[in-house]
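Structure record follows, encoded as structure tokens.
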Amino acid sequence: MVEPVLQISDLVKSFGALRATDGVTLDLHPGEIHALIGPNGAGKSTLIHQICGTVRQDSGTIRFAGQDIGGLGVAERAQRGLGRTFQVSSLAPEFSALRNVMLAVQAKQGSSFRFFKPAMLDRSLTEPAMTVLDRVGLAERARIPASELSHGERRQLEIAIALALGSRAFLLDEPMAGMGPEGSKTLTRFLDRLRQEAPILLVEHDMDAVFALADRISVLVYGRIIATGTVEDIRRDPAVRSAYLGDHD
Amino acid sequence: EPVKIGMITTLSGGGAGLGVDTRDGFMLAIKQSGNKDIEVITEDDGQKPELAVQIADKMIQSDQVDILTGIVWSNLLMAVAPSAVAQGKFYVSTNAAPAALAGANCNPLYFNAAYQNDNLHEAMGEYANKDYKKLFIMAPNYPAGKDSLTGFKRYFKGELAAEVYTQVGQTDYAAEIAQIRASGADGVFAFLPGGMGIAFMKQYAQSGVNIPIMGPGFSFSQDVLPAIGDAALGVKASGQWVKDLDNEANKKFVADFQKEYNRLPSLYAVQAYDAAQLILSAAANADVKDTEAFRAELLKADIKSPRGNFKFNTNQHPIQDIYVTEVTKEGDVLTNKTVEKIFTDHGDAYAKDCKM
Amino acid sequence: MTFALALEQLLNGLQLGVMLFLMAAGLTLIFGVMGLINLAHGSLYMVGAFACATVAAWTGSFWLGLFASLACAAAAGAIVELLVIRRLYDRDHLDQVLATFALILIFSEGTRWMFGSFPLYLDIPPLLQGAVPLPGGTQYPLYRLAIIAAGALVAFALYLLISRTRLGIRIRAGESDREMIGALGVDIRTLYTVVFALGAALAGFAGAMVGALQSVQVGMGEPVLILAFVVIVIGGIGSIKGALLGALLVGVVDTMGRFLLPKLFVLFVPPSQAGMIGGALASMLIYIVMALILAVKPRGLFPPAHA
Amino acid sequence: MSRETVVNFILAALLLAVPLLANAVGQPFYITLATRIAILALAATGLNLALGLGGLVSFGHAAFFGIGGYAAGILATHGFSGEPLVFGLSGTNQMLVIWIVAAVTAGLAGLAIGAISLRTSGVYFIMITLAFAQMVYYFAVSWPAYGGEDGLSILVRNQFPGVSTMRPLSFFLICYVVLLAAIGLFALIRASRFGSALQAARQNPVRVATVGIRPFRIRLTAFAISAMMTALAGALFADLNRFVSPSMLSWHMSGELIVLIILGGTGRLFGPLAGAALYVIIEYALGGITERWQFFLGLILLGVVLFARGGLLGFIAGKARHG
Amino acid sequence: MLLEVNDIATYYGSSQALFGVDLALDEGEVLALMGRNGMGKSTTIRSICNLNPPRSGTISFAGTSTSRQPAFRVARRGIGLVPEGRRCFATLTVYENLIAAARPGRWTLERVNELFPRLGERRNQLSQTLSGGEQQMLAIGRALMTNPRLLILDEATEGLAPVIRQDIWRAIRALKSDGLSILLVDKTLSELLPVADRCVILENGRSVWSGEPAAIDDAVKDRYLGI
């Protein structure tokens, strides 16, 4: 078996008395979509936060592309190829969609300390950015400030940014949230293709999407993984049904 | 030939009271002279050096004034006067008198009609020799404050219990008062102008400490006394002018000022009044455009000063008598009365360095 | 240096701290809770002191003056809120800075227009005159003890108001999402006017109380403003407890610095020099302390729980 | 050309035309006034880089303004007296040297102050920058060697190769060119990659970090550049007044710089110039009419905030556009 | 009619978002507002609450026009809003969030806690540290605490675990059978259509279709909803 891109072992994080992450071990292989599901407040976002560095773990290790990144800052992890989206959209509101993506492109190129060349005239920035926007279907809205985009469009923009970073793994926190049925469908198709580029750790409550996409599913409840398996395994797991799925089918 | 005078003084902000007195004293003399050839342009410097410079530039370049005057504060004066005299204009100071302009850097076009910064402190030092053995002295931590204590120590021969520098603009003096209480001093010399002095005196009065206070005149001049209230009673201060000085010019000045403005004059008003008198007297006998002649007329100091004897030293700062005063009440009104004359024909320590 | 002196200085420090808190209380309320940078806080402080001095001079009663200071400052606050501040909540902090800066100019010059350029007389009420003996043999001004009591009372009342009442909850809700609290049916506009007036009244109260110990003059509010900001920032913005503790810290540090630093330098340089250097350092001290604290705890000593 | 570009062009042209005209009709004071505007605009342009683009509301930029001023004052004093400065270095009367010293000193101070201050944000940042400026202020007030509170006079304006700086118009032209250069630099930076990162860090620092750019470094660099520009203005200001004093370091000065920016339009290219022009002209015109000028200045400023959103330029040229 | 919206046009600054939306909702009725992303659903809701007052057209709620009324007055007449993106008061605890705007009525703290036991458990936690789903519950609870006549839910099940979502739908059905009027925006058609009495579909800021849920056939879905 190939080496996992991302490997998390025995991660623990407490907020006061609450153990939000309670010894989580999890990995992500090249080419796969690994879905992370679980009840609200189970600790999924907290886990993502720890992986990308916005929250520091209490103990445990996070290895990415063969290296321990558990001690690095947010920006350094991103530079190494961890791309993420936020559960609540997080963009530069005054910038156009295009410029939001361009920022990611320039970050990827590692060249933010250039003071003189106008970025908007810089084809090495605009072209990759437009390509990405086109891929997520936002090309027509490229010049609209992020603050004026609708909720769904902002979600698309978040994905575009992660794409533009050329990430080696994606951490997507509820990308379907706020997407209409049509948008969800498009996005599902899109993620399906995206996995070839880089594996995806997908946190999502939209079970239709999860079941359609996931190669593997892990179920997180109260900070612990209670089950990991294929779609079929998980669907049938009675513990998962009672803790999470309810009578969903 | 008409004389154009530019008066830059502080008419807004915390120090406006001094500027208002300066302007009023100056204008009283101009008005009394009835001289139609004198034109005074007054502007407010807001107690900001940059603004004072801008106004000075305007007065010199645009209004083409011949003489500048009116600045209350040393730091503003330092911003304006050196460059004004460098451009060939007279500067006649109505109050500010930093040591820097009295010694080696004196200038033929710079006159000071008030005093030299150290004078009043020196007088208190001399006075303190009589009754006090051990003094607690304090002043704000800026050049005028340091000059003040230096001047005081130049004449005071006794022991110092402590020499304390407070913060400029400080409003609470509990810590200093506690030190005074514990210092074993038999007297306190404090130079705390304006609001600082008001705050200190009020707090001192409440503290239960009874060591006598003294200070230079402008800490207890007419503009702040009403605000300090009875807490100021009995305080000894020094001044080159006191309201009750027994001479004709003074009686007339005090009466006229009161009539015109409905309040008692302060030191600042007198100084400005004399500055105006000096200019008037020179203008009567010389053309202001003829710098040499005008300067010579100014140097004669041919005026009847409410201060009594007044003449210029070699550095163009006054030689005058200095008195010790005491705060008293006249009816409901707090004011200073003369206790004794401490210096006669007193000049300053820097004149010897002035080579003109 | 005797023990009694050190003790007295410590007490002075605490007292200065409470006084600072009194001056900062209104600002904490407006700034910490409504999220509004109100540079004109010092002006409201001045309004309180002038109102008190004027009414006390007319009526001969400090207490009537104190009441007038509350009323005038609250009225001034309410008017300012209705005419100006109200339009600025959903603006950038910077617009608030400019507007309230403009208000400082208007208030200062307006006050001078009405009262002239000379400081006013305001004295401590006869009831609180004089000094009382303290254990250890020294004396302490009664009025300063009264200020300590007033400060403690204000701190306690504010704490209750903000954390325990529904009014406080709504105010804080408005701070976190103004539109939303309105959309839920709370008249946040009027509420904010009331809070602003309350903050102004506190400023006026402080102006009158502290004004009796200082000089009542135009511009008296400006140093207060800076100090009050220092205090609430050190304590952690929006926290009443933080403001109180921050104020005490500043008070003690400042007093002890003024007292001890010159003594420290006497060990190295002549007394006169020591006084200057020590004095210079003492005036920088609270800023140094503030920078150190913020460098280590970027959100102040007691940041309110929110991120 | 967008409306803003036209307005900018007019502003720049007016600032040049007035002194030329004043020179022609023999009214040198208006040259002085224009020089003042140019210098304050330069200082505010520096601050605008941190504040307008980076959202770093520094309430301590007077420190850099004053550092620039004192660099000029101290070097000139030593240059004049011939007394050596530190380490046997001598003073100088050459503006170019003074500018470099001023900018480098302020840049270093900016790095140091920024490194500590940038750990904080929002109002804490406002106050910690103020704290540093106050330290410098009190230091200058009580530091006797260079005049303390009384300040330091520069007896003769410093020299610039090939120009007679004592002529008001020549000195104005120097300031004008420096101002335009600074505005040009500001425009370049704003449009550059660095500018993108800086502006994004203002809008959403978490986002910037998660694409892999560390906001801290970006901001620190911006803060230092901003300090250097403001210090350059300080050096020119010292030469204009031929005087420096701690009041250049006071919090009023910091506040005034902020006011200039907001007045003109935060983050706008010509905002500082528009703000400085308006402020200085009002101050001058009102000061000549009434002693109560501050009252009316307050009313006018209030009017601008309430009714001209986005400052003067926002009012005239409409909302700012970001690419 | 409890709520009547007639031909409203709404702008964000100078850009127009609504170009003529009509809808009506009777007492006790559940109305579903549908449409693809960015078609104006949330904007319509903001207009109804007078958060973005329409520039033209009329809205009347409970018999009186809402124009020129501040948002809080409109809300007090009985609109409970669960906004898009939750917008809990970040710096308040769960409890404080719930009581901040509470008005007396049948909904009390106890009933809300019964509906969402998780909120009871997290009573003293700051709402900004709640998980996404917990915040959603809080937003609904908060709106119920104002005891509205009309509850508006803008994507209220977004980000909720399926079990909870089912709870919420159950709650919505319960509220409906209680006689509460509800205006719903949600993307889960399979849940939405069964509770809705009527549907309005928006496209590019216009109401382009309205009718019974049963009438939404594949053609309508394909044409307006992209499914």
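Letters A, B, C, D and E mark the chains in the order given here, with residues in each chain numbered from 1 onward.
One rule holds for everything that comes next: a contact is a pair of C-beta atoms (placed from the backbone, for glycine too) under 8 Å apart; a residue touches a chain by one contact, two chains touch by 3 or more.
None of these values were measured; they are calculated from a predicted model.
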Both-way neighbours, i.e. chains that touch chain C and touch chain B: D
Most distant chain from chain D by Cα centroid: E
Far-end chain from chain A, centres as C-alpha averages: B
Chain centre separation (chain D, chain E; CA means) in Å: 50
Whole-Å gap separating chain C and chain E, where each centre is the average of the chain's CA atoms: 44
Inter-centroid spacing, chain D versus chain C (mean Cα positions, whole Å): 31
Centre-to-centre distance between chain E and chain B (centres being mean Cα positions), rounded to whole Å: 74
Touching two or more other chains - residues of chain B: 11-12, 141, 146, 165, 167-168
Touching two or more other chains - residues of chain C: 108-109, 112, 276, 279-280, 283
Inter-chain touch pairs (all): A-D, A-E, B-C, B-D, C-D, C-E
Parts of chain E lying in touch with chain A, wherever the complex brings them together: 12, 15, 35-38, 42, 84-85, 118, 129-134, 136-137, 155, 158-166, 187, 189, 225-227
Chain D residues within the chain C interface of the complex: 51, 57, 116-117, 119-121, 123-124, 127-128, 130-132, 134-135, 138-139, 141-144, 251, 255, 258-259, 261-263, 266, 292, 294-295, 297-302, 304-306, 309
Contacting residues of chain B [partner chain D, same complex]: 11-12, 43-44, 46, 48-51, 53-55, 57-58, 60-62, 74-75, 78-79, 82-83, 86, 98, 100, 141-144, 146, 165, 167-168
Residues of chain B that touch chain C when the two form their complex: 11-14, 16-17, 19-20, 141, 146, 149, 153, 160, 162-169, 171-172, 174-176, 178-179, 181-182, 194-196, 198-199, 202-203, 206-209, 223-224, 226-230
Complex contacts: residues of chain C adjacent to chain E: 166, 169-170, 172-173, 175-177, 179-189, 304-307
